[in-house]
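Chain naming follows the written order as A, B and C, and within any one chain the residues start at number 1.
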Amino acid sequence: MHCSRLLVGLAACFSLPAMAWERVLIDADTPAQNWRVTSEELGIKADRPFSVSLRTLHGGRQEGVSLIDIDNGAMTLTVIPTRGMNVLRAQAGDVRLGWDSPVNEVVNPAFIELNGRGGLGWLEGFNELVTRCGYEWVGHPGVDNGELLTLHGRAANIPASRVVLEIDEKPPYRIRLRGELQEKAFKKVDFSIHTELAVEPGATAFSLHDTLTNNGDYPKEYQALYHNNFGSPLLEEDARFVAPVKQVSPFNDKAKGDLATWQTYRAPTPDYDETVYNVIPYADERGDTLAILHNKAGDRGIAVGFNTQQLPVFSLWKNTDTQGQGYVTGLEPGTSFSYNRRYQRPLGLVPSIGPKEQRHFDVRFQLLADKVAVDKAVKQVDSLQAGRKTEVRQVPLVDLSKD
Amino acid sequence: MHCSRLLVGLAACFSLPAMAWERVLIDADTPAQNWRVTSEELGIKADRPFSVSLRTLHGGRQEGVSLIDIDNGAMTLTVIPTRGMNVLRAQAGDVRLGWDSPVNEVVNPAFIELNGRGGLGWLEGFNELVTRCGYEWVGHPGVDNGELLTLHGRAANIPASRVVLEIDEKPPYRIRLRGELQEKAFKKVDFSIHTELAVEPGATAFSLHDTLTNNGDYPKEYQALYHNNFGSPLLEEDARFVAPVKQVSPFNDKAKGDLATWQTYRAPTPDYDETVYNVIPYADERGDTLAILHNKAGDRGIAVGFNTQQLPVFSLWKNTDTQGQGYVTGLEPGTSFSYNRRYQRPLGLVPSIGPKEQRHFDVRFQLLADKVAVDKAVKQVDSLQAGRKTEVRQVPLVDLSKD
Amino acid sequence: MHCSRLLVGLAACFSLPAMAWERVLIDADTPAQNWRVTSEELGIKADRPFSVSLRTLHGGRQEGVSLIDIDNGAMTLTVIPTRGMNVLRAQAGDVRLGWDSPVNEVVNPAFIELNGRGGLGWLEGFNELVTRCGYEWVGHPGVDNGELLTLHGRAANIPASRVVLEIDEKPPYRIRLRGELQEKAFKKVDFSIHTELAVEPGATAFSLHDTLTNNGDYPKEYQALYHNNFGSPLLEEDARFVAPVKQVSPFNDKAKGDLATWQTYRAPTPDYDETVYNVIPYADERGDTLAILHNKAGDRGIAVGFNTQQLPVFSLWKNTDTQGQGYVTGLEPGTSFSYNRRYQRPLGLVPSIGPKEQRHFDVRFQLLADKVAVDKAVKQVDSLQAGRKTEVRQVPLVDLSKD
């Protein structure tokens, strides 16, 4: 334990394991309390002063929801411990990552019935930049093995049980925020998910590093999907989606109609609702790959990096309905598509995790702030595609007409 | 912002917009805290000193529920921000407005599964004088458009997201308590309801002024019903219901039996359960109308005023079972009756609200403290009836035998 | 009210009704707060100093859960007011009463949907030594009278509404912890359950004394089952169950296979899942009886005492799967077995409680710390059996094949 003189006045002092300050923000004995720490207080003379703060929301269905803001000097990230360590939004200058959901409260899971609305209760809280889906299942609601699987699983509605902030003592003073999700039910599932968000001061990038552990003694099916959602200003008419694509297919009959233009976006379109495209991406020899959303001018965008050995498939969710309805696109790497689990088993998209085994999921977000950055990322995609051909499959992988 | 010297010692000072003190009691940054303000502290020399206080309940299923008591010098009103700004009860001298439900806790919605008991989970929290029903739907549970609609909608179980107290600076020092309900689900509904309760010091009357806004970009069905519930002492054997009635019909076959005496009440009657009568009221040219419950002697009662352009129909709920079971009657103006929504569409009782449109619901409660007051109110009803005839329909509007 | 000088420094002083100190730990006006009292502070010069403390858990799905630890000098009992006054565990020296569930958080009912997983949501919080099941129903999920009855009822997920600690002023300074459960729904049920846990300083025994009251005006079906769960170190390969048995039968076809060895336990056995045996016990003329679990060596065990006039039947739950899956056995006296209520009505195992009537349930737990204690308890069982014969019924009482 080390209490620097510079820390006088802070609510607690910091332990010093290895080479990092660490502070437990929430655990069994530590209630979430309004709190803030700055690089200056930590004795760090950063080019870009940074701060991390914790606050709790009150009133409405957000009563008791904690938020953690990480302002790294270039970008402010807001994380929701109470909702699966989801990332509510990021703001870098005038670029907002995230979207405007009709759900404008940050809803405490205590007030949500996932089983309501025929398993669509999840929609009453959905408004994040990154919504974790899984890990027992993902996908549309429906009965599988005699049990109603609710939309996209429980992860987003599990409060993190231990939240720890760690800041490297040496440049680049990497900031890590960790939280643990317990996804458990006697006889059913014994998962824990160690989530980590990492960001460096001054960067307009951040990354997620999650580890799923099957604490159980039996192999167990699992699914993961990172529902990464972007609205304005990146999403606009003629914005483009760019990725190295081995196969693309329409999610359902509705998506067939727009298949020819699946990589560009419509303006907000009344009654459009949504189309979804199932993508099997190409990757490099280590499995690393990239998906890009950029605006029409090609001078602003976001690159989402992931690894196909961890997350082999990708859903492109194009919800280009009106602004009020939620004008948003999802760039969603996953173990699986968004069909109900019973449809994905025959596709080989319901993997298993052995007893005591772990699965890692790393997802990287890089803001593309200008044309040079966008062009460079698009070139990376070209190089990953490497001239290989794209199969445009006309027919959905799953026949939902019997649903 | 204005901090009067008289406010020294108060937890915060009051802003002074227009001509009223205002204080935010609960919002995102303001947790509900035990608090009290009196007319004296506000520098008001009222004939009838008044006070407003906030407290939070603990233990059981009421953990974390906030209550606001408005003692206006003649009557104490208790409002539940945590439960849709419902009015728990009112007490004016020896007259209690409200009833004795077996549910004697004020239940936090966090502990209620509306989807439990086949959609009857709402019954685990039902005990108020005024329970707001709606606004996405009202009525008995059942599947409509492929979704289980739970009893009487979600409003009563939505905690208010911003609660503001406003007190006029000048006589009659009108007291207004506002709270906002967010009734939202991505792709499903984007409603907000601004509720207001208004009361004047010294009065034995209060009124509700609610505004439903469809923030969405699409027209949307809605329903509203004000479940206003009265037990002893107003309800007793031979108590009477008086209203200007265009049409009355039994809700179901059971209610046919007592149709001849639908306007009088039984004593607490074992195994009676309930009967419900569907009423289409007459109103004046502006739509204003009145429904009265008075005791047998006709010297105490309550008048419920509403507007048929806002709330065109009315349910009379006669739950004259035993005291222990809940001896209570509901005087319930609504857009709709209490059938499941799928039955009300053909009746034309599922209205629609356009994008960005608003609907106003005003409901007034006037205690009738003596025979003069009761007689005067009954005369008003006579004048609204204006000699027009009442259709007593023998057959329920909906054939539930196929249910 | 009596404030001894010795109490200076305590958060509050103690009232002195009759001959006991009493303190309200939680009620409508008293939030759960971290607190501790010791025998010394109470002026008690006990041979075995004791203490009682209250703390609240944070983070994860255990946010806001209160725990009460009673350290009686020989044993520490942990009670969960937020979860039906269940007993989480007891520790006496190196003997732990309780088990290791995969669910290692103490889950706040606010985060549980009992109706989830087809009525198995209860499993997301199940990890206690004593889990109260009932009182409106117990048993496996399933539809009865048109309503989905969720696994084992609501009691374990009802927070106690008034928690009171009482300590006798005179030797043996009996400690009583009381909490009240409100199990209510308008028109459906009007139960309250006064729970009491009693323990004496220095003892390795404790007892539960619960009183169910039907506050309603109508007779009502009820069911109760005390799900008392024991893992290591008492449960191990060749551990034994001993009880005076009138009839035993397999719960279902699966349990038929191990019927011959139903009184001994397997080692942790992969893929074993569970077997359940339905027992009708013998008792003495007052109905008192005993069930014992002891280890292989017969030098450590637990005796569970109950009364067959209160709890006429008994379920032996043998969940001898792997340690990680939850290696545990349940010694479960009840009004009923664990079938869905609709199957138990024909068996006469769905009793009724009249209006204003009460039912008492007393369950006693005695640690058997050595061979002498085990042998003595086994002898008691022999004496209760009194040479009467045991019917070993080969066929389950209920034919579940039609389920």
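Simple rule for what comes next: contacts are C-beta pairs under 8 Å (C-beta built on N, C-alpha and C of every residue); 3 or more make two chains touch, one makes a residue touch a chain.
Molecules present, by chain and UniProt name: A, B, C = Galactose mutarotase.
What you see is a predicted model, and the numbers here were worked out from it, not measured in a lab.
**Q** Same residues or different residues: which describes how subunit A and subunit B meet, taking over half shared numbers as same?
**A** different
**Q** Quick one: superpose subunit A on subunit C by CA and send over the rotation angle as a multiple of 5°.
**A** 120
**Q** Report the inter-centroid distance (CA atoms only) between subunit A and subunit B in whole Å.
**A** Each chain's C-alpha centroid was found; their separation is 42 Å.
**Q** What are the residue numbers in subunit B that touch two or more other chains?
**A** If we look for residues of subunit B contacting two or more partner chains, we find 64, 110, 113, 115.
**Q** In their complex, what parts of subunit A are in touch with subunit C?
**A** Touching subunit C from subunit A are residues 26-32, 64, 81, 109-110, 113-115, 146-148, 150, 158-163, 180-182, 184-190, 215-218, 355.
**Q** Hey, which residues of subunit A end up touching subunit B in the complex?
**A** For this pair, the touching residues of subunit A are 56-64, 101-105, 108, 110-111, 113, 115-118, 120, 123-124, 126-127, 270, 273, 321-326.
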